[in-house]
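Below you'll find the structure I mean.
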Amino acid sequence: MSARRLEAFSDGVIAIIITIAVLELRPPAGTDLAALWHALHSIFFSYVLSFVYLGIYWNNHHHMLHVTTRVTGGILWANLHLLFWLSLFPFANGWMGGSHFAPVPTATYGLVLLLAAIAYFVLQRRIVASQGPGSVLARAVGRDLKGKSSPVVYAIAIPLALVAPFAALALYTLVAAIWLIPDRRIERMLLAGDEADEAAARGEQQEEARR
Amino acid sequence: MSARRLEAFSDGVIAIIITIAVLELRPPAGTDLAALWHALHSIFFSYVLSFVYLGIYWNNHHHMLHVTTRVTGGILWANLHLLFWLSLFPFANGWMGGSHFAPVPTATYGLVLLLAAIAYFVLQRRIVASQGPGSVLARAVGRDLKGKSSPVVYAIAIPLALVAPFAALALYTLVAAIWLIPDRRIERMLLAGDEADEAAARGEQQEEARR
Amino acid sequence: MSARRLEAFSDGVIAIIITIAVLELRPPAGTDLAALWHALHSIFFSYVLSFVYLGIYWNNHHHMLHVTTRVTGGILWANLHLLFWLSLFPFANGWMGGSHFAPVPTATYGLVLLLAAIAYFVLQRRIVASQGPGSVLARAVGRDLKGKSSPVVYAIAIPLALVAPFAALALYTLVAAIWLIPDRRIERMLLAGDEADEAAARGEQQEEARR
Amino acid sequence: MSARRLEAFSDGVIAIIITIAVLELRPPAGTDLAALWHALHSIFFSYVLSFVYLGIYWNNHHHMLHVTTRVTGGILWANLHLLFWLSLFPFANGWMGGSHFAPVPTATYGLVLLLAAIAYFVLQRRIVASQGPGSVLARAVGRDLKGKSSPVVYAIAIPLALVAPFAALALYTLVAAIWLIPDRRIERMLLAGDEADEAAARGEQQEEARR
């Protein structure tokens, strides 16, 4: 129950962040294609990247909370901490795109990516800890190669952005692409775990009914 | 369950898009009727059109997800892809209305309509594929004349907008009107299918209970 | 089920409208009390009035949908029609408050109130028609004195605003106050009806179970 | 049921307020670190403080409504009253941060904190009254030292802000910190109460089933 509300609240915040980011796409000043190109060419790409990242976060967050049964105060605040960094996407996105990928704004975008990734990692640790090492989530997360390597890539990309912003942008895009490629193995494990959990839950309910 | 969350998230995003579009209606600079007319005459019509389109998308999306039982990763991303194009409505709407239906902005609006329609079509195909050819949705969609003809009309309207923006606008309005007219036949089939589904679901639950 | 989703979607839209209206309260240019007073004195009152109206609409809408069991296409569009006029509150509110209650903006605000009230009336008629004359809602609505008199007051206030905007404002405030005063009689009837409905629903379920 | 909807609506409004507050972080005019520092140094801290406060309100509000079973008209309006003051956070936050903690804006922020705290207190009283003195909530709230001392601190901080805004800011931060520190005692009581309530609810259902 409480995990459902946490999920609903987080979904709401992410839905709003994803939509508010579009406000950075200001209608062009002119009315021809040149004006459209001038107004959009970098902010549009920046918006697409942010949309994909927020979509990935929503998707992963959703899967993680789906197998969460107990919400502690620590999980609640770790979740708000993640939402805080996600809420900076429209700002970072607007500055990076609006400056046509200038060095400092591109590095700042990477910093927001890094801090959101760390916040996600902390939240995941908190949830795994509360669910126990034998839980579905603990098994699904496993060695968590993607989750551990992403911050490393961001940490490399941030200083790189100061000298070669487009190389940093390529790295941000690469990480998004890695996350986008469906990880069938995890999906299958979650699915299997889900069924096991439901079976266990049914078992518990039957036991309760017997008492 | 998962289809319910996808629906809730999509509803949230569409609700925000529909409301954010109203931010393009800026309070007029003056305080008389002339100022109101100057500020609103085209952006208001543009807003009404976008509101109706988003309402139609919400309505159809809702019906489609209502009969969806299984959500795969592919469906999830096809859905985010649709939401991406819908999220560009406030931008396209603001530019078209703000420029008093200039050729390029009106064509851009049509392009967003076209890409959203294609995204919807892709999502529908994905869901039908996952539900199977004998599913309620597959039967309800049928030959999908509206869904297939709308993109064709948009594709005609986009180049037309460059020479006669009001003719293109008339076509956009026509497509919205066609979707607005309730398709009693589909509604009845969905309703019948719903009941059949529920009966089937009840049957399955009873079988499960017996095991 | 469907009525629940309609309610959730409407709640979402109203929640966003209510919050977006606050964006019209721009931080003052200066940093002293005079700047605060200059920036806020009329827009703040205007915001409070809009907040109360949206709260009333949310409250009534919620009660109405709570006793709605069947959602038709007509209800769905009547509901979107209501949301459309409600979505114009931030605009009307911003113009009226921003112009310090100038005649035309104050009349425009009244027009939005009037059109929202008519849209609510149409929605209510649609729902009552679909629920049948003996339904809880039909009995609760009864002669609907408030619902019928409010548009009349708005219709008087709109032309009045053009000559005496503060008199019109007083009428808008009066109508809000009338709606705010809790109508114990209706609440009790709804409550009683609710229980009757639930009893009836339980009866139907039992009958279904017997078949 | 009704308490669930009130919770969902409030969650939606708080989610939007929390996200709209980020719109006050405007992309800097320049593209270097100095521009970032100039644009953000005070508004960023102001945003963090508001985010934490809104998180605390969401958290507490959520716990309070979780043990609420009956929603009266009075509770509904007390809740809207709270949401009203919370909705002023983006405004107060934008003015305080944008003015680099000038005296009057910092006092205004404190006033919004004070009025929100009072509104929360009123809502809590209303809910406790409707749930009865022996309810879980009544016991959990207890003497409510935090809830009663916070407004006192704000009332001291507001005049202080006019002469020493940073001292007032320190007090606002202190109150947030006090609320952030988890109150294990209350959490445990709520948890225990929850189980007792559920047991009671199960008992009632069984009794109902017997009749």
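For clarity, chains are labelled A, B, C and D in written order, and residue numbers in each chain start from 1.
Note that a residue touches a chain if its C-beta (ideal position, glycine included) is under 8 Å from a C-beta of that chain, and two chains touch if they have at least 3 such contacts.
These numbers were taken from a predicted model, which means no experiment stands behind them.
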| item | value |
| --- | --- |
| Mutual neighbours - chains that touch subunit A and subunit B alike | none |
| Relative to subunit C, chain with the most remote C-alpha centre | A |
| Subunit C against subunit B, contact positions shared by both copies (same if over half, else different) | different |
| Between subunit A and subunit C, centroid-to-centroid distance (C-alpha), Å | 36 |
| Whole-Å separation of chain centres (CA-atom averages), subunit A against subunit D | 26 |
| Residue list for subunit D, restricted to those that touch at least two other chains | 8, 12, 16, 20, 23 |
| Those chain pairs that satisfy the touch definition | A-B, A-D, B-C, C-D |
| For the subunit C and subunit D complex, residues of the former touching the latter | 7-8, 11-12, 14-16, 18-20, 22-23, 25, 27-28, 31-33, 35-36, 48, 51, 55, 58-59, 62, 66, 180, 182, 187 |
| Contact set on subunit C toward subunit B in their complex | 2, 5, 8-9, 12-13, 16-17, 20, 23-24, 73-74, 76-77, 80, 83-84, 87-88, 90-91, 94-95, 98-99, 102-105, 108 |
